Amino acid sequence: MTGILEVQGVSIAFGGLKAVQDFRLSLREGGLQGLIGPNGAGKTTVFNLLTGVYRPDSGTVSLGGHNLIGLKPHQIARAGMARTFQNIRLFADLTVLDNIRIASHARTWTSTLASVLRTPGAIAAESAITEHAMELLDVLGLADRAQETARNLPYGDQRRLEIARALALDPEVLLLDEPAAGMNPQEKIALRGLIRTVRERFSLSVLLIEHDMGLVMDLCEQITVLDHGTVIADGSPESVQGNPRVIEAYLGAPSAEVSA
Amino acid sequence: MTKLLQTLMDGVSVGSLYALIALGYTMVYGILKFINFAHSDIFMLGAWVSFTLATLMGWTSDAPWIAGPAVICGSMLICGTIGFVIERLAYRPLRAAPRINVLITAIGVSLFLENVGQLEYVFGTRPQRMPSLLPDTVLASVAGVSIRLVDVLVIGIAFSLMGALEYLVFSTKLGRAMRAVSHDLKTASLMGIDVDRVISITFIIGSSLAAAAGFLTAAKYPSINQPAHSNWILFGLKAFVAAVVGGIGNVRGAMAGGLMIGLVEMFGAAFFSPNLRDVYVFTLLIVVLLIKPDGLLGRATVEKV
Amino acid sequence: MSTMLEISGLHVSYGAIQALHGVDLKVEEGQIVTLIGSNGAGKSTTLRAVSGLLKPVSGTITFHGQRIDGMKAHDIVRLGISQAPEGRGVFANMTVAENLDLGAYVRDDKAGIASDMERSLDLFPRLRERLQQKAGTLSGGEQQMLAIGRALLARPKLLLLDEPSLGLAPQVVATIFQILRDINKSGTTILLVEQNAHMALEVAHRGYVLEVGRVVLSDDAKVLAQSDEVRKHYLGVG
Amino acid sequence: MSSRLLRLAAPLFTLAMALGCSGGGSDAPAASDTILIGEYGSLTGKEATFGQSTDNGLKLALDEINAAGGLNGKKLEVRVYDDQGKTQEAGTAVTRLIQDDKVVAVIGEVASSLSIAGGRVAQQYGVPMISPSSTNAAVTKIGDMVSRVCFIDGFQGYVMAKFAHDDLHATKIAVLYDQASAYSKGLQDDFGREFTSMGGTVFPAQAYTGGDADYSAQLTSIRETAPDAIYVPGYYTDVGNIALQARKLGLTVPLLGGDGWDSEQLGKIAGDAIEGSYYSNHYSFQDTRPEVTTFVETYKQRYNAVPDGLAALGYDSMRVLFDAMKRAPSLSGKDLAAAIAATNGFPGVTGIITMDANRDASKPAVIVQMKGNQPTFVTTVYPKGQEPAAAAPVDPAAAPVDGAAPAAAPADPAAAPATPPPATPAAKP
Amino acid sequence: MARESGLKARAAALAPEPMTVLKQSVLPLVAAFVIPLIFHFGIGPSVGAYPSKVLLDIGINVVLAVSLNLVNGFTGQFSIGHAGFMAVGGYTAGLVTYYGGYRIWGDSLPHGGFLGAGEMLFLVATIAAALSAAAFGYLVGLPSLRLRGDYLALVTLGFGEIVRVMIQQTSDIATDATEIAATSWPSLLWKVGGALGFTGLPFYTSLFWVWLWVSLTVLVASRLKTSTHGRAFLSIREDEIAAEAMGIPTTTIKVRAFVMSAAFAGVAGSLFAHEVGTTLNPGELGFQKSFEVVIMVVLGGMGSVSGCVLAAIVVTVLPELLRSVDEYRMVAYALTLILMMILRPQGLFGLREIWEIWPFKALFRSEAK
């Protein structure tokens, strides 16, 4: 069985510090997989390796059978991998609508000259981009905020805008980096539904980093647990929850030394 | 041979002046991350204040030995104060603003100092002769190159000041605080360091070093250009290039960069063509940045994603 | 036992985003109080507000009855509150010794500093071996030790610790928590922000659970440790 | 979109109208009882000192003219605009003077590129312009509206070449010029050509950029060629440092220069280092002609400084203009320009001014030597073919000087004023 | 490998109505030609020469500011060497009109009237100026692949200074028709006047040409800003890492911004070179001129096209209005600059356009979508 996203033996070190070691992952087409682990375990580093921000020291990454190693981030994005960021990276001074339309740029075909001349083709393309963007905003429930400056959105909306923006790339794989961080319980419930809807509607495969265990356990079919840059568990939510190594990594060992 | 030695000496003495100015640039950049364009004008003020002080004291000829030290100290003091005031009034309100704003403000301050300096009752528009406060005797003659006391003093004072700064930065409590602030403002404040005070002190030190460079420049080249002459800025810009070539934010890098720029400029002028001096400096800059974008002694910075 | 630190109705915003929606908490003198919660819950924000790095929109912070919200960070250190910040915040280009010296920046008593330095080095013998090494070359655990040791050199009445277990191996975490307990025993009050709930609640006297900028639970640490709610929150079980 | 552009254009139109109206209002009083003359110059910027000297001289002449009753009872008024040493500003200033202030004539600039910028505007609108001190040949080639009261680079280069060759008996001369200054470059070219044609050797020129502080590389190269003299056609603002450094490097031969040296400051700045060096100039303040002595006297009284060449030229340009205004049948651009071009034998401070076919002042130059920090008159050099039958005797104390021993002449300032013979030719053809 | 985005199919269904094309595409282009005609034949003659000259200066500064805004405002890179591109353009255009004029007509005077042969040569010259400046823009843009922020600024400044010093090295212009006819083009390249400047260029710069280029520059910049390509520029300024992650080829776009910006600076250089009352000379195109343009962009608001236009007008007119205080005017200007940065750090308009701001919003309401 090969998944849409296949990662084998990926490692990277920063100045001698091994941040990620021998990372492996297989994301099934249409799958919804979780990547969890305590703070500092290297989860975001994995995302950066997958999206080309860092180039791994060793290992292979392939998307739909195509090698991604050595590609630039924008090439990987165009190849069909979109992401959100843990510490929200919106185009803060631009409008909500423009944030999404920027991501559509990768899918547009008009030349700069045509844009400047405003040829009928370019006008049509702009309309298409806008229409597409408005649709996405509608799905994410942000349509009425389209003209607001991204910076002024509430936190939860900013998170959702990041997802909408990633969707505008028309990706095959969506990487979500802590989408629920900073959301209140109601928002989290809504987010849970949203991720499911989005996956169905855009036939995506989703890889999710999340700290909220309830969310992860509920959403994901498969979970990979990372600690100190290495995979310590991999499997169904139930098997992971019961894994003593995972509990230790998370809650810390209620060890004798401390209680002494 | 004579030419080689002569050029070497000129290069080192001009280079040490660049280095002195570069220190002010590099310290401010290290902490506040902007090019303080007005620093060149402090250098200009250093020369003009020295001239004014010497004239006011009547030390125009046959000045007592105390005149030199007194004027350089006076000029450093006054320019240090001016640097302090500039930071306080023009830069501090912009601490949280985008750096481009601070940069434009710095250009504004630079224009202000030049145009005020140019007013008839301030310094005026004529060049003036800096009285010779440093003795100018020939110490020795090596292979046809006469080594003059004034040059030795210029290099000596420049290097002692750099040494003093090096000591201050690396061996005192204040220096540790300065380095901490340049590493991270917020963490530094968690140590109980009054960041604003450290920044003020940095401006005072940087400005007094520039003033010293102004004095030494005037001592070495006694005809001092009028305040709005673009050459002051150009000289300062080349000093900033020195700071960048050496690795911005790095005290030793600024010194090394200053000497390097001085030598490249002088050797290029003497052995290739004097017409293209500025071209050598800026070409060196471009080459160094393309090979090693963080300067020769700089550290690579990685942006966190 | 008197109240050392009291926070009430604390609101803090980053630009348009509100991070704290009215946090109330108390730290009694001599205790270890822990603040737990998931990422983005506002734990670090609370500490930063106490240290004066962030200016609250509204609400008060008092230390020994004195209002400290709105004071400058360096003045707060002088009052006796020091922080080992998240991500350690060691000065990477300076030696371990210089880092420790900076911890004592607000103090002038040479003898006192020397003895506190000894104390810090006794607590963290690893640092003694690396005194002249650049802090940037230390391992994560050593950097955390340095950050705590440095904060201690201010001889604080209240020590603020932001995720000291972050990214460290379990044994190292255990060592650090043991040391925290020792520090507390010698009379320093500690406000500890942790994600490692088990560990934190084990050493703490009292715990607060933060969620989306609000305190949702607060109780005796031992009670919280047994609480199903906390367990559910962290592992999603039950 | 289209209407946006149009709407943006509308306020611009309003603005333009406002500028037009504000300008239109200001010329009303000028039309009645005063005659307005325009001046533009670098009153700020790096060449401010030149603009200010010119302005001082010009204002002095203006006040004298007005004190004497002005032109047919009408007072003259000068409106001056600063151009900051930028050509775009110079062009705007001249346009404003001509079109808005309706001046009858314009005086300016020192720097040739600025005179060219302004001059082309004056030519376009048919208003005469007199450049007091731009010596580049290109300036008056603009057209019949533009003239000048100074000689041109070609002549000045010839003057110094002739003096170096005939009087100093120099054979090998090194050149150090300011590559950023057209004036300096022009003199360098002309001097080199003239001196070589006289059979001398000119070493490849070394260049600096105005404002440079360090000249050691160039001077070290020059030292290797062991010249008899060094021609430094630059501004006094730079010459001070050049002289000081040359002496430090052991170069004791005299420096030679042009009118850019002329300033009271040069002696103050360079002191002993410039002692014994020569430069060509428009006039000598020690000249005993009455025009000169009165001018120097009143200038000293008013500004507490010895007038430099630029001040004298500013003074002369105003007076030449006034002279032409008196002669012209009307103050229309055409008439006035013709009158200026017809200037013949006008007794200016800077010599007897006659406009040649190119509207360049044809007049002798003086050579002065720095003695005791004062420029001291040495000799007068006439344009080729205009030498008076009995050339003024050369001061025996000052020349001939051998290149090897420049400072041999005793520098006694007290003795100096007595020596210069009148620069005025005995008889004018 | 990426699946069909569906945007193309969507676009096919959204082909614009002819009226929309007319309104959005054609009319502004027509306006871009009509406005200069109005300036040339309407405003110019009615306000007189001095305001016209100021309008020329304003126009040139608008072209400079709006074009620099493409790099500094849109793309968030920091260039302070704009005068260098202006110089490259000015000298290229000068070579074409001056020596070209000599080759064609035997002199360098303006030939033909409005849109006559001479002005056509000027058009060719200006396009050549844009191309050569663009080539230099490409060269300078390349290091921007590796450099960030102030380092890039310093490199652009260094470039500008190198251009200036190299022009100083050139030799006198040739003024003799037969000599020019006998000299080869490559050697004419070096005869551009050195420090004195390229004197004697014909005066082709008129209100028509200046405002034609202003209209085109503003049109290009504002259309770019509201198109997908311009948004790609803006994304880099906002967050380079996020832009990459969204599939924006940041390096390509940065170079593109440099090239476009330099091309228009070259146009401004050509207009400057042929303006009445200027002399194209290296001394004037140094870093001070570059600073002046940066100031306009920052005052207007980084990224705001209309803000830059307004700032260019203010910066040009202010010194004219302050003429009466002469030596204090630069002091006043400097103080204004400092106070402005402290009191209104985002510039006049920030990223927004004049019609997006409250008091003007109503004025432009008909345009709002």
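Just a few scattered comments:
We call the chains A, B, C, D and E, going by the order they appear; numbering starts again at 1 in every chain.
One rule holds for everything that comes next: a residue touches a chain if its C-beta (ideal position, glycine included) is under 8 Å from a C-beta of that chain, and two chains touch if they have at least 3 such contacts.
In this text the structure is predicted, and so the values were computed from the model without any measurement.
Note on connectivity: the fewest chain-to-chain touch steps from chain B to chain E number 1.
Chain centres were defined as the mean of their Cα atoms; on that basis the chain farthest from chain C turns out to be D. When the C-beta pairs in contact are tallied for D-E and for B-D, the bigger tally goes to D-E. Using CA-based centroids throughout, the chain positioned farthest away from chain A is D.
Centre to centre, using the average C-alpha position, chain C and chain E are separated by 55 Å. Averaging C-alpha coordinates per chain places the centre of chain A 49 Å away from that of chain B. With centres set at the average Cα position, the gap from chain A to chain E is 41 Å. Taking the mean of the C-alpha atoms as each chain's centre, chain A and chain D sit 73 Å apart. Multi-chain contact residues of chain C (touching two or more other chains): none found.
Shared contact sites, meaning residues of chain A that touch two or more other chains, fall at 53, 85. For chain D, residues that reach two or more other chains under the stated contact definition are 44, 179, 209. Interface residues of chain A, counted against chain C in their complex, comprise 17, 38-41, 151-155, 158, 178, 181-185, 211-218, 228, 241, 247-255, 257-260. For chain E in complex with chain B, the touching residues are 72, 78, 143, 146-147, 149-151, 153-155, 157-159, 161-162, 165-166, 168-169, 241, 286-288, 291, 294-295, 298, 302, 327-328, 330-331, 333-335, 337-338, 341-342, 345. Of all residues in chain E, those touching chain A in their complex are 1-3, 5-8, 10-12, 14-16, 20-21, 24-25, 28, 219-220, 223-224, 227-232, 234-235, 238-239, 241-250, 256, 303, 350-351.
Put simply, chain B touches chain C in their complex at residues 173, 176-177, 179-180, 183-184, 186-195, 299. Within the complex formed with chain E, the residues of chain B that make contact are 29, 33-35, 90, 93-94, 97-102, 104-105, 107-112, 114-116, 118-120, 230, 233-234, 237, 240-241, 244, 275-276, 278-279, 281-283, 285-286, 289-290, 293, 303, 305.
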